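Several structures are given next for inspection.
Shared chain: chain A. Partners: chain B in the first complex, chain C in the second.
Coming up: the complex of A and B.
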């Protein structure tokens, strides 16, 4: 088990998500950066859907209750365990009683702490992810608090130190600026309800990520983008990534804890291969949208899968080499 | 794809597709949506078929390489869809109209040029049908609201609205099952359990069930 000693902001237990409960109004939840979660689990020889701790703010501190392997992926953080620094996207080993401290986040927005065997909270409706709105899943359906004890499954996985190349380096996009995230989107149902000038404004704007951005949605600030005439849709299903335009003309990107349906007009949807980039975009930074097509969005997913395949292969090769020695 | 009497089909990125039926927001159209959902949920690569209000979202297990076959199948199945009548159960829900939770009662009355008593009487009169579940765990979208109390959704959604809120959004009404953000206008509240993840079916109500609101109290 691990004990949470200090936590800032809404840290939570997340796996990849709960994907088949929409018909009961239950959204996906799940890691905001699913690539980072998968990478952490790959490093540890876990099932890629095993649950980890999503850490959105620092400082964060926890104590390991027994010897175990762990990995830190996602945001680049300054982390330390028993006096030694842990590089980002790195697997390491903790001894019982060791304290892990995350002191700073230098790039990105969310760090993932995965442990060998996974965080072993009960599976509720097919997932271990925290459903904040429904108050179930994760640890008692709520964000983590100091004093919380997280059960960890037993693991026989390898324990040597090992790192992998971070996704934001391997999957870096051309012309990405330091403080701006560019995400690819496919236009959605109401795109044509906006005139050409407004559409152009949507593409060219450098959208500011407001402090009202969280796991529910990213509320953006910029020039008002309004449809030719007010659009009042009948409520329909939506998924994480959908960009809604409420009447004030300020886009909202639906994220993992978003409602499962809505009626505001949808201008576009962030593609699945780029949604993690939104999850790692920091409050106050800028975001820009780049139009893509459905086939190109599938190609981007294939590129993401290929990166994860490389990680699996590399980790396996390292383990094999170590076993041979 | 956008002819007025033809369904509209649009993409939600690569994870889902939205089918919007042509025609009015009424029970006959919704019954065809339920029939289409029952059919489409059995197709390969479809994870779930989720009815909305006279529309249907299909989520993908694996995104199809080509969408043409799926779009054709949806159109053909819609044309062939018989009305699926679901004989649900009837629930009576006592509602306190107005007050702190139902603080938009006055603004709905003003917007619709009605008195508070009129809004309450008009809202509590119909036998509503659960058209679809969505938004948040256990939430029911209801069909059957009198268009006289229609009020457009909020300019900016609220970050937090109370659980049990009875609200109006456009020409729809519903009751929230838990606290959370909302773009609708709350006119009252009820206390009832709509969702429990430990139940064999986690949501208390299903499409086809009916709800009658009982006026417990009106706070002006």
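Coming up: the complex of A and C.
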């Protein structure tokens, strides 16, 4: 088990998400950076859907209750286990009583702590993810607090230290600048409700990510993007990644804890292969939208799968070579 | 420790299975190079290593334990893991070896002060390649 010693902001238990209840209005939840979660689980030989702790703010501190392997992926953090520094996207081994401290985040927005065997909270409606809106899943359906004890299915098998190349590097996008995230989007249902000049403004703007951005959605700030005439729609199904334009013309990107329906006009949707980039975009930083097509969105997804496939093969190879010696 | 013929056979199987075509292993007194040929021929050569660590030198050397490209710093970090004059504990990470998408750590075999970072970032290193020379603290014995 793991004991939370110190936590800032809404850290929560997340797996890849809850996908079978969407038609009943139950949102997906799940890791904001699903690639980081998968990479951590691959490093540990876990099922890729095993639950981990999503840590959005520092400082964060926890104590391992017994020997276990763990991996830290996602944001670039300054972290220490029992006084030893841990590089980014790294797996290591903790002894019972060891304290893990995350002191600073230098890049990205969310760090993932995965453990060998996964965080063993009960599966609710098919997932271990915390549903913050519905207050179920995860640990008692709420963000973690100091003193919380997280049950772990951890095997105590010792593993060697090993790192993986962060997805940010392997899946780097051209023209990416420091402190600006470029995400690919496909146009959505009400795109044509905006005139050409407004559409151009949407594409060219460097949108600021406001402090009112979280697991539910990202509220952006920039020039007002308003439809030719007010659009009044009944609430209809939406998915994480949908970019809505409320009456003030300031876009909202729906994220993992979003409602499953909404009525604001939708100008575009972030492709699934880039949703993790939004999840790692920092408050106060800039975001730009790049128009893409459905086939290119599928190609981006294939590229993401290829990265994960290569990661699985590489990890297996290194483990085999090590046992050979 | 000499490399057994069974180890070579096992390594060859791992190489063939994983699609890696070359592996080089260097240990004091021996060098082993395995090349997986498309024609399924295997070339192996063993020769005595020409350069051994000077016997009188009290420094210890952190070596790579896997073949790949050496990285003095994590790609996300500007600062290298260690610099000359820096004190390190036994087991501290002094660099990385990049193999495909993975980063294997190079660790200090003993506590001490960094004398020199021998390997250059980006260069190909093999099993046993010296990476960092460390002057051990008097009270500590090297682990290797």
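The rule is short, and it goes like this: the second predicted complex is superposed on the first by the 321 of 325 C-alpha atoms of A that agree within 3 Å, B and C clash if a C-alpha of one lies under 4 Å from a C-alpha of the other, contacts with A are read in each partner's own complex, and residues count from 1 in each chain.
Assume a contact is a pair of C-beta atoms (placed from the backbone, for glycine too) under 8 Å apart; a residue touches a chain by one contact, two chains touch by 3 or more.
Worth saying up front: this structure is predicted, and the values here are computed from it rather than measured.
S.K.: Specify the outcome, clash or fit, for chain B and chain C once both structures are aligned onto chain A.
M.R.: fit
S.K.: By the touch definition at the top of the document, which applies to A:230: first (chain B), second (chain C), both, or neither?
M.R.: first
S.K.: After the superposition on A, what does A:320 contact: first (chain B), second (chain C), both or neither?
M.R.: Once the two structures are laid over each other on A, A:320 reaches chain C alone.
S.K.: A:119 contacts which: chain B (first), chain C (second), both, neither?
M.R.: Touch partners of A:119: none, neither chain B nor chain C.
S.K.: For A:170, using the defined touch cut-off, is the partner it touches chain B, chain C, both, or neither? Pick first, second, both or neither.
M.R.: second
S.K.: Between chain B and chain C, which makes contact with more of the residues in chain A?
M.R.: Counting residues of chain A touched by each partner, the higher count goes to B.
S.K.: Going by the contact rule set out at the top, does A:253 touch chain B (first), chain C (second), both, or neither?
M.R.: In the superposed model, A:253 contacts neither chain B nor chain C.
S.K.: If we overlay the two complexes on their shared chain A, which of chain B and chain C does A:212 touch? Say first, second, both or neither.
M.R.: First partner only, chain B.
S.K.: Applying the document's definition of touch, where does A:311 land relative to chain B and chain C: first, second, both, or neither?
M.R.: Touch status of A:311: second partner only.
S.K.: Rounding to a multiple of 10°, what is the angle at chain A's Cα centre between the Cα centres of chain B and chain C in the superposition?
M.R.: Roughly 160 degrees separate the directions to chain B and chain C.
S.K.: Looking at chain B versus chain C in the superposed three-chain picture, what is their shortest Cα distance in Å?
M.R.: 26
S.K.: Mind listing the chain C positions that touch chain A in their complex?
M.R.: 7, 10-11, 14, 18, 20, 66, 74-77, 89, 91-93, 96, 98-105, 107
S.K.: Which residues of chain A touch chain B in their complex?
M.R.: Listed in rising order, the residues of chain A that touch chain B are 19-27, 124-125, 131, 133-137, 185-189, 212, 216-217, 230, 232, 234-242, 246-248, 250, 252, 259-264, 266, 269-272, 294, 297-298, 301.
S.K.: Can you list the chain A residues touching chain C in their complex?
M.R.: 76, 84-85, 87-90, 106-107, 161-166, 168-170, 307, 310-311, 313-315, 317-318, 320-321, 324-325
S.K.: Would you pull the chain B residues touching chain A in the complex into a rising list?
M.R.: 8, 10-16, 18, 20, 25, 47-57, 59, 63, 65, 67, 132-139, 141, 152-157, 159, 169-170, 172, 177-181, 183, 195, 197, 201-203
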